[in-house]
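See the structures that follow.
You will see subunit A twice below: alongside subunit B first, and alongside subunit C after that.
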Partner chain A sequence: MIAPYDEFNDDVIDIRNVTRRFGTKRALDEVTLAVPRGVVFGLVGANGAGKTTLIRHVLGLLKAQAGTVRVFGRDPVLDPVGVLSRLGYLAEENDLPGWMRVDELIRYTRAFYPGWDDRYAEKLLESFGLAPAAKVKNLSKGQRARAGLVVALAYRPELLVLDEPSSGLDPIVRRDILGAIVRTIADEGRTVLFSSHLLDEVERVSDCVAMLDRGRVVFAGELDQIKQSHHRLTVRFDGGRPSPPDLNGVLRWEPHGGDWMATAQGPLDEFQFAVAAVGGEVVERRSLSLDEIFLAQVGTAYVEQQES
Partner chain B sequence: MRGAPQAMLWQIWRRHRWGLSADLAYLATAPAVVALIPLEFGKKPVADVLGLVGVAVLTHLVGVFSYGFDADLVKKESVYPVRGFVLPVSNWTLTWPAIAGAAAIIAAWPLIALGVWRPCGYATPLWWPGVAVTALLGVSQALGWTPFAHHWLRLVLAVFTGGAFAAMGAIAVALFDADERLLVGAFATVWTFSFVAAYFGVGRARRGEPVAWRWLDRVGPRFARNRAALGAFRSPLRAQLWLEMRRHGWMTPIFLVTVLACVIPMLLLPNSPAVPAWRILAIVAGMPLLLAGVVATGFGKADPFQRGVLLPQFMATRPVSCGHFVAAKMLAAALSVLVSCGILLAVMLPWFFRPDNLRSFSALWQGVSTSKVVAVATLVIVYWIALSWRQLAAGMWVALSGREWVGVVSAFGFGSALICATFAGLWLSYHPDSRERLAAFTPWCLPAMLIAKIAAGSCCARQLLLRRLMSPYTVGLFLAVWCAVVASSCGFIVWLTPRDLWTRASIAQVICGVVLMIPFARLAGAPLALSFNRHR
Partner chain C sequence: MQIHLSTSDGVPIYLQIVNQVKYLVASGKLQAGEELPPIRTLAERLLINPNTVARAYRELELAGVVTKRRTAGTYVSAAGSPLARRERLKILADRVDALLAEARQMNVDTETLVDLVRQRDEALDATTRSPVTRKER
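For the complex of A and B:
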């Protein structure tokens, strides 16, 4: 497992040993994670893995039962104003007040942010095609997400937090959200933390990724590094084998004709050496997509959990 | 099952079988209990208690037959169960519970009147109260089953109808001396119209056609456009205050205006000797207090029409402290009360200065100096406004806590206390010898309650400071204002009391009473409750 980001000094988010229980269920289990300044940080995991719980800790909506959460070096529970004034947030459950009109929503929201940029807000409204006189409750789900983006971006927050922002939205709205992430990061020193089920999206825009599984961090690190450390290998054994050998670092074995296909994590040369020691040979190697890594890391466990 | 109407009634019975069984048990046993009690024991206290249970039974029947127990009354959709709309039956069959409910209530009331009230010596009317409750059921069904385009429209119509009911009763008493036949006719007419409205309401709900007043859609946006043109808010507190006024602040004034629309025609009538002017003034002045108490249940929520008490994420993630959130709510409550009381004063002043009323009031303050009368009147108005504000603000912490169980526990506690106090009051009224024994406890009870209050207040203030929800300056200022209000209230009461009644004990009791009346922990606990909700 790759070590979490505790070596960074300039971390926007610093989460240490956070544990959270809901009744008997442990939603977060000793989670330690750091999000450095100026990156797009993707948070991935299956349903119920703890992504939203973790984000709610970052926002100060949940209080850590054990461990510490620091955002910009501050505790979001003790100093909500200090943290939230520098942060933009958009959630899947977009609960903007339905009774407000879009212009009223903007008028209300801008009062809380001294750095509100009227021109930028107007530009966003125009590019998203939002009518100022429209009531929020009468907007479609995609339009509501866009309205949420306008009020989350118009003050150019230092940290943009997006919790499953594109779930259930059409590709055009998803493109707008990805565009917002790119625009935010284009300003130097700004950071994006976003969780998503759509791993191709995460792979496309993220610099760093953390994967959660049943409340634990499975891995966290730079995306390139993670991809380089996972391999799909075809292994041929002398005389064939009815079952694969038990090797360190192998996440999954699948039969592949007379050979075996291994999904492995760790240095390639160590794995090749271990295979040779049990009379095998790596005949083919290719790198994995984030989707495949996700399936290899949590797929089997997730299916077992769902079945149980 | 023989047919669709029986199936519908069976469904109601199955859903409410325990409650309806209790109702039937009451109707069967209450007359027997009254009959078995010997006359020398005194039947009136029994009638007071059993009669109140009878009223509860009738109210329960209204809830059952209007589907009020399973419904969200602030939703704009019909409260009629949607599963009924897909049954292969006519709208007439769907309206069957209206007839069944009316029949049940009409049958139940004479049993209560003849079995409980009359044997205990009360000359209770035999028909019109039952028909009045039936009319209430009809109105509840018409309002509940009809879908509306705006969710507040049902509430406004409900308040208006409630006011109209009260006005009908008052006019009947004042002008016609509560003639039985006239009242039965009037309430039966109301039920008939309500039944027709409920029938059409079910039809509208079935085809998804809500009642919409289009002019509201035209006027609303124009009004809002003018407001949006006002420009930016000067501070987050102003923005939050704007939101609170839009969501909660106008509710009490709107409800008050709705009720006043029914009351004003009554005020134009000549005064009845049975109802003196001061009593009318007291009833009308009590309206903001009563309406504020009703509105207060939703004031602590982010939106009065939301289900549940959870703080929406959009609100929770605004960069504003819990103290400022609560301050905006308290200010909105104050503005709401000021507007309501202002409206009421504007309506009541011409009535007050009507020659017959002025004569009636002059008799009350005969022999008192004009300066004292003016001072008392001013202070009464100030305390009236303050009490209305207290109604809105003091219970806010319950919904702000964001936990349903806090509401349930506090409602249960309040209800239990109210029931205990009612029974204790009844007991004392029939056992005057017990009053002295109770009075002996007062010197012990009041200080104990005072100590509990001071402990709760200190605990809240300490937590506010420890959790940095308020600065020491703000907490100190709040404490100073509270002390000033307590001191001035004590001074006011002592000033009003004749000197010969002043004793050390009576003054101590006044101070204890005032301290207990003016909320501290409940107000100081509001930011704590919000923090408890916001950071779970």
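For the complex of A and C:
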């Protein structure tokens, strides 16, 4: 497992040992996570893994039952103004007031933010094809998401938080949202935290990724490092082998022709050495997509749970 | 510059860009002196993190495929052509490796495989007679 970021002291979000229970269910279990300034941080995990609960802690909507949450070095529960005024937020089902017109929504929201950028807001409205006179409740789901994006972006927040922003949206709106993430980060080196179960989206735009599974961080780190430390390896044994050997770091073994295919985590040379020690040879290595890594990691977690 | 990304086969995105630019240069679709799109433009077009594009460009610069002109963008190196042949062969070598690995798994020896390559080459010659293929040969 990759260590959390101790080397970054410029963390925009710093979450330490946060545990949260809803009744008997542990929604978050000793979660420690740091989001460094200037990165796109992708939060992945199945439904119910704890992504939204974690984001609600960042926004100060939930108080940590154990552990600490700091955003810009402040406690979002004790200092909501200090945190929320620097943060833009868009949720899967955004709760924009339906009775407002788009231009009213803009005027209403800008009153809260001294840093509101009128020209930028106009530019966004135009590029999204949002009519100022349209009532929010009459907008399509995609247009409503775009309107939410405009009011989340127009004050150029230092931190953009998106909770499942593209869930249930058509590909064109998803492109707009991804584009907004890309432009946000390209523009001024701002920080983005976004959760998604669409792993190919996460893989495209993230610098760092954390994977949650049933309230726990399975791994967190730079996407490049995560990808480099996971391998799919074809292992050949002289004369074959009826069952795979028990090796450290292997998440899953599958028969593959006369060989064995391992999904492994850890340094490649160590694995090659371990394979050689039991009389095998790594004949092929390929990288894994985030999707495959997720499946391998979470799949093992299930097995562990069943065994314990 | 046409780049196609896939997140399903596990190859890191920056590496996909590096490989495809090398391929475009090797195949002459990108000419020496031609300018690559600015990092931000390409990032927005491909909907990927600008840092990823920057990393790909850095790798390409290290490999000598492109040169960065101070404040004026990234250009395909003039030294692109000698490298082009090497890159072409390297691209093919990777494909050959995969083919060999597969052949071994199916217990097909290299002689048979080479014969098969010749056979397929003749078959291809018989069907495709495009001027480009002719000239290249």
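By our rule, the second predicted complex is superposed on the first by the 297 of 308 C-alpha atoms of A that agree within 3 Å, B and C clash if a C-alpha of one lies under 4 Å from a C-alpha of the other, contacts with A are read in each partner's own complex, and residues count from 1 in each chain.
Note that contacts are C-beta pairs under 8 Å (C-beta built on N, C-alpha and C of every residue); 3 or more make two chains touch, one makes a residue touch a chain.
Computed from a prediction, not measured in an experiment: that's the story for all the values here.
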| item | value |
| --- | --- |
| Partner chain(s) touched by A:Asp200 [first = subunit B, second = subunit C, both, neither] | second |
| First (subunit B), second (subunit C), both or neither touched by A:Arg285 | neither |
| Contacts of A:Lys137 with subunit B and subunit C, given as first, second, both or neither | neither |
| Contacts of A:Tyr108 with subunit B and subunit C, given as first, second, both or neither | first |
| First (subunit B), second (subunit C), both or neither touched by A:Gly179 | second |
| Contacts of A:Pro80 with subunit B and subunit C, given as first, second, both or neither | first |
| Subunit B and subunit C footprints on subunit A, overlapping residues | none |
| Subunit A residues touching subunit B - in the complex, by the definition given at the top | 59-63, 77-81, 83-85, 87, 89, 91, 93, 95-97, 99, 101, 103-104, 107-113, 132-133 |
| Of subunit B, residues touching subunit A in the complex | 221, 224-225, 227-228, 232-236, 238-239, 242-243, 246-247, 303, 312-314, 316-322, 467-468, 534-536 |
| Subunit C to subunit A touching residues, read off their complex | 5, 7-14, 39-40, 43-44, 46-51, 101, 105 |
| Touching residues (chain side subunit A, partner subunit C) in the complex | 40, 175, 178-179, 182-183, 185-186, 199-200, 203-207, 224, 227, 232, 257-259, 283-284, 286-292 |
